[in-house]
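In the two complexes that follow, chain A is the common piece, with chain B as its partner first and chain C second.
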Partner chain A sequence: MRHMFKQFLTATAAAALLATSAMADEPKRGGTLVTVITSTPRVLNPAVQSGIATGFPGAQLFASPLRYDDSWTPQPYLAKSWEVSEDGLKVTLHLVENATFHDGQPITSEDVAFSVDVIKEYHPFKSMFAPVTSVDTPDAHTAVINLSKPHPALMLAMSGQLMSIIPKHIYGDGQDPKNHPRNNVDVVGSGPFKLVEFKNGEHIILERYDGFFMEGRPYLDKIVMRIMPDSSARAIALENGELMLAAFEAEPTLIQRLSKVKGLNITNKGYGGIGPIDWLAMNTTRGPLQDKRVRQAIAYAIDKNFILKAILRGTAVEAKTGIHPDSPLYDADVNNYPLDLDKAAALLDEAGFPMKDGKRFDLTLELAPFPGYKPQTEYIKQALSKVGINATIHSSADFPSWAKMMGTLDFDMSLDSVYNWGDPVIGVNRTYMSDNIGKGVWSNTQGYANARVDELLQMAGTENDPEKRKALYKEFQEIVADEVPIYFLNAVPMHTIYSDKVGNPPMGIWGTSSPIDMTYLKD
Partner chain B sequence: MSDAPALPEETVEKARPPIAEAWEMFRKNHAAVAALVVLILIVLAAIFGPALYGTDPFDMVWAPFSPPGADGFLLGTDYLGRDLTALILSGARVSLVIGLAAALVSVFIGVTVGALAGFYRGVVEEVLMRITEFFQVLPTLLFSMVIVALFGASLPMITFAIGVVSWTAVARITRGEFLRIRELEYVTASRASGASNLKLMFKVILPNALTPIIVQSALMVGGAILFEAGLSFLGLTDPNVVSWGQIIGSNRTYILESPFTVTIPGLAIFITVLAISLVGDGLNDALNPKLRQR
Partner chain C sequence: MDQLRSTLIRLAYAVMLLLAVLVLNFSMLHLAPGDVVDTIAQSMGGADETVLNQIRADYGLDQPFLVQLGRYVLRVLQFDLGYSFFYNQPVTSLILERLPATLLLVLSAQILALVVGVVLGVFSARRPNGILSHFVTFFALFGYSAPVFWTGILLLIAFSLKIQWFPVAGMQDVTVEGGFFAHALDIARHLVLPMVTLASIFLALYSRLARATMMEVLGSDYVRTAKAKGLTMRDVVYKHALKNALAPVITLAGLQFSAVVSGAVLVETVFSWPGLGTLAFQSIIARDTPTILGILFFSALVVIVGNILTDLALRLVDPRIGGRR
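Right, the complex of A and B next:
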């Protein structure tokens, strides 16, 4: 009864406030946000580790020079301003003066230079800082990044979890930064929250850092990140209010179920930066799949609508190219392959694979070793049988054996899920550049080689003019959509689920892989 | 059997054929008879069902999660809109074949090991029984998961993995029977008349030790079906064929909204395994000579 009354009060209060002004959205300080990550991060230091498990705690502990809002516009963060030289070979960062690490030491340009060195050497995304030749430090609050060629990807590479500024006086002690003991304990960060406790497999507890350089931020006093690998356990915890915020939930049934729960809100905003895409990878180096017409026929035989509506239940957005649909560089205007069995059959005939005894040829279809891809794989097998392609599903023992098979091009087809990580130079090029064929999982596992694509990606990587750059990526997307080394299916239906109590949930392009210093708890 | 001492003529005339006598005993166990009827129906459905029903179990025929009975689908449709009736019928085939084959594998291993140990005794017995104990203390599900994960989830490998972890009971029973029978006079007589060890083991002793082994193997078929269901529930299964456990495993994500996709194959497993157990129980009544005298 009392509960109901309270609900009624909040409802009326909210209505009243909505009617009058934006006063209701006035952030409030204090409170503990209980949230969740799905696996234990190897380390909390994003300078030496990629991945979303490190990203959430990592971006709270460490600040980066820039941050991005939800419209892909860079905003000042540790750098209060920045400029790019005329020739594009110098990027100057002006750091905020009052910023300190969690041990009280000032954050200086020395630390920026040191961080760039560490990331360049130890972070798995080599293309982020590859053109960086050196970092000059004319004074304590100015850092000049020198480049060997124009590198527009640097802007996104300086945000989110990708360029964490780490203290030189801690990590510069000669120990291997990748396995540094301070990566997990006594972490001295530069971000809005400091580490209280990291318990393997249980939780990470963060506390507001009072000396944070942005006035009045963060709003939260404390963040508790519980480590819960099981999605149904997370769903129950969200339903009964134990968790107030969960990001990266991508299970369609779970999203549908939670969207009906009162007091919970669901959004798919905040994943454009990470840019996860599901696709059907095809090995273009062997068998019938060498022929572009065969690959196009496969695309025509698959009913994407069935995958989007029946399997993913409308939770996912269609993807037509290798660039995430949320990205400003995305080109939705490419060659499309609506379901057309006649066209598929004609293309296969033309390619020299006539129907014999109800069959044209055999292929293997790998079952991706991460959860949630079995229905799509089963569906594609069945859809291909309709045009006479006999696909046998093969399941690997574990992730490493699948990854090895993909990395060495020892497969025909497989569903895969690959992330853009901001700029195409960071997460897209690797899939199409012919010099990256067979370099392990999530390299160019299709064995795809097209001189024009190589050239376009190369040019776009050094093109500082946004419009020209967009045009180059447009042509690239058109070629790939026409040659179909990959049949793009959908953006991974990642969703952020948050309770009514949470104000300003993270919805910038980096989602929870960016600081949540503006998130607050309502009464 | 030519070496066996001939029985007096009049006994042979008076005794009814052992099969008839066994059937007489079996019939008295009403539960077993009912279970046998059910089992025969299930086997018939598995053999002829898919052909008679006609629908390809992998074909997406209707909207996903249509409830049983709706739109002409007796058992409804699963998460891809496949006909659950067709899936259950095809699944019956795979589940029963794996159950039978795995039971055969374990009977083969178990009988061989038990016979050798019980017949030769001494060092051979010591070594073989230690090996048996080793397999007894292994966590069976984990061990078979490792085998399937290492060598690939094909039907023969799954069958082998189940068989290789569940032969120990048969081995111990066989050994026990061999230890008892090898000391009987007719065995000594055969040995004296020059029968080879192989002949003694498999022609003289084994036929007389078969009764408990048959009962145990019948029960093992049920166990193997459950085992296969467990493995496929965990995803360790050949994705190109359908079995009951696999239907449950792949539909379990949707259990809250469409529980029938999980409960129907679950019921199929339950009924089949129960029927096999009851039939095994009846067999025990029928074949166990001690009970027969009661």
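Right, the complex of A and C next:
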């Protein structure tokens, strides 16, 4: 380790000397990237498990038909080209011909059809492949996905960790793919790296797959993913060079501190795909919160700038809607409820909650069991007291207790953090559709029902024309902003921190949840 | 014969107790709202309700409480601790994978705390009002009262960041190449900080007790006799007094063993030490009942073994104990 640190120092010095020519650096082969994940993934097979813990190793082990750059443009990956039929009901994938699984077997359209079947049946995000009726395999390298209705979300659903192509000859043996023994050991993948060792609580070691179909890639020989749950330990390891790259760091103080460390680089690029947003959820089915004016008053009473500047220390980008600010579908022009206590008071009076002895009504405010939510929650309590709303903070023992409460609409208000997962159809609809009320954590936990919103989301989900689609989502965002079932606060300040030694860190919209086959180590 | 019978009865009690602990904890965990499937949903970034219900059905979590409890107890009686819902692995193999790391940490920390504690205690007992004595008292109380994760992070900043002597986290560096000794050395380097952190809590107890008992022993008649015979202070302390002063310390160490094991939970988390502590922490957060109960079971075993070892050690320093029965 010390030796490595010396290398790292020389690399830093060299990088400083060659600052101008560094941009033109040629990627080079070789080396071990030491990186980190914060918890042990349940399963390494992304076809049956979503989430960021599985995503990083999963996207290295398994390839998907498409990949995305940093501007939301699909790029060829396992599919060298693709086309969507005129009526939008057929999506044809032309697969690369030289791709093989880690055991040398060719990757064919049969495997694509099989993977779609498994994902459709077992993946947690049902909406990704719900309209898929069948997959035709006219030849070994052509797969035709048949749809019951146009489904533009399929493009993003075919990228990143969401559509991993898994080998039929391994997972098609009749065992339950969810609990398949090969999900964690002897994994035979299709991606740029193969599994060497997975030790629960300790590390995941991946090694370059020499038979990878993309010429010359991946550049790294090895990836060591250490499992380190403690953020202070991760920060120190980044500082002393034991770790070269860490993704998903979202602690404002830590980001601020590490941004001053020489030799480390920090970026918030690479999180638009996963699209995490912090917001204040309100239960629209009970008490004063049933009234839209009360919810608007709450939005006016909260000073979002205080949260962004003082609590999050400028590390987070503001979010005004339920679509991540990085997304091309994001509408930045919706009503943003700037701090206005008079307006808030007027709205509350109008709603029939006059001030009596300095108080209008009581509410509970849940302290969600996520790290770092306490300051925001306490601030909101205090901000609401200024307009006569007496919020009592209630904290849950752990995540399941909180999730149960949210999932059954047994709460008034709570901060929450919900992810977009690519297309709105996958991660946004679930929060607003009236047929998804109270179906567990991160369903429509607000009890929000608006027929026009249902209709807009339905239409946008089947609209293949990008401009028309954007217009539909714009109207949706405007309605939600007006009715405030949720007051949106900020994009979760996730950052990737990497040493000067790392070239081409993952910056596409899926960040580390996509292959890092272009990442390399500088001399 | 009597001895055998009483041992058997004790053993039976222990088994009953262990079973009662498992049933009680199973019930308490069941009482809390929500279940492990919620944390599985969390790890997935949310999931469709049908998927969650399917997972509940897979693990039998949709069954009535008594059926779940009955199934669990039946399995435990067949020496099967069941399946971890969260990690999709048999609990026994999950725990056995982690046990060596915890044993290494806990035993080395306990030994370090004992040895250093006794040495410091004895030194300060010889001059109860000397500078060294005050220094030891201060240091011991500091270690005892500082939160263990704080001590850990402080040591990390000092010895991993400012002076880079020791690695930050984990038990080994997978990039180290070489034979057995290279790896052993690597593990030893990783062990130092967590071991010192864990030992720091118990150092205070042991050194204070060693100091007190040593002072008491030094005031007793036989020590005065030994001194009167003209023995040097050093001989008196190490040949006569020490063994007698040790017995209470060892008794305390035995009693504290369970505390050391639970202290390991925090220390392991701070240092990403891949032992039972991190596993316990994660499975409690995940509400992974079979794993939590399995760890309770193994921790109880570790504590029992620890107590037996304490008994043996006591007999070594005080031969009278063996003859009492």
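What we mean here is this: the second predicted complex is superposed on the first by the 499 of 523 C-alpha atoms of A that agree within 3 Å, B and C clash if a C-alpha of one lies under 4 Å from a C-alpha of the other, contacts with A are read in each partner's own complex, and residues count from 1 in each chain.
Heads up, the rule we're going with is that a residue touches a chain if its C-beta (ideal position, glycine included) is under 8 Å from a C-beta of that chain, and two chains touch if they have at least 3 such contacts.
Only a predicted model underlies this, so the values are computations on that prediction, with no experimental measurement involved.
Engineer: Does the chain A-based superposition show chain B and chain C clashing or fitting?
Structural biologist: fit
Engineer: On the A-aligned overlay, A:Thr73 touches which partner chain: chain B = first, chain C = second, or both, or neither?
Structural biologist: A:Thr73: touches no partner chain.
Engineer: Of the partners chain B and chain C, which touch A:Tyr419 in the superposed model: first, second, both, neither?
Structural biologist: Second partner only.
Engineer: Of the partners chain B and chain C, which touch A:Thr32 in the superposed model: first, second, both, neither?
Structural biologist: A:Thr32: touches chain C, not chain B.
Engineer: Taking the superposition on A as described, I'd like to know which of chain B and chain C A:Lys126 touches: first, second, both or neither.
Structural biologist: A:Lys126: touches chain C, not chain B.
Engineer: For chain A, which side has the bigger count of touched residues, chain B or chain C?
Structural biologist: C
Engineer: Regarding the shared-chain residue A:Ala397, is it in contact with chain B (first), chain C (second), both, or neither?
Structural biologist: both
Engineer: Answer with first, second, both or neither: which of chain B and chain C does A:Asn464 touch in the superposed model?
Structural biologist: neither
Engineer: Report for A:Asn98: first if it touches chain B alone, second if chain C alone, otherwise both or neither.
Structural biologist: neither
Engineer: After superposing the two complexes, find the smallest distance in angstrom between C-alpha atoms of chain B and C-alpha atoms of chain C.
Structural biologist: Minimum over all C-alpha pairs of chain B and chain C: 6 Å.
Engineer: Output the chain A positions appearing in both contact lists, the one against chain B and the one against chain C.
Structural biologist: The overlap between the chain B and chain C interfaces on chain A comprises residues 397-398.
Engineer: What residues of chain C sit close enough to touch chain A in their complex?
Structural biologist: These residues of chain C touch chain A: 32-36, 38-52, 55, 58, 86-89, 94, 97-98, 153, 156-157, 160-161, 164, 167-171, 173-175, 269-272, 274, 278-279, 281-282, 284-285, 287.
Engineer: Once bound in the complex, which stretches of chain A touch chain B?
Structural biologist: For chain A paired with chain B, touching residues are 251, 253, 257, 306, 310-311, 367, 374-375, 377-379, 381-382, 385, 392-395, 397-398.
Engineer: In their shared complex, at which residues does chain A touch chain C?
Structural biologist: 1-2, 4-5, 32, 34, 39-43, 49-54, 122-127, 176, 178-179, 183-184, 199-203, 205, 224, 226-230, 232-234, 236-237, 239-240, 242, 274, 397-405, 407, 418-419, 421, 427, 430, 439-443
Engineer: Of all residues in chain B, which touch chain A in the complex?
Structural biologist: For this pair, the touching residues of chain B are 58-60, 63-64, 79-81, 149-150, 152-153, 235, 238-240, 250, 253-254, 256-257.
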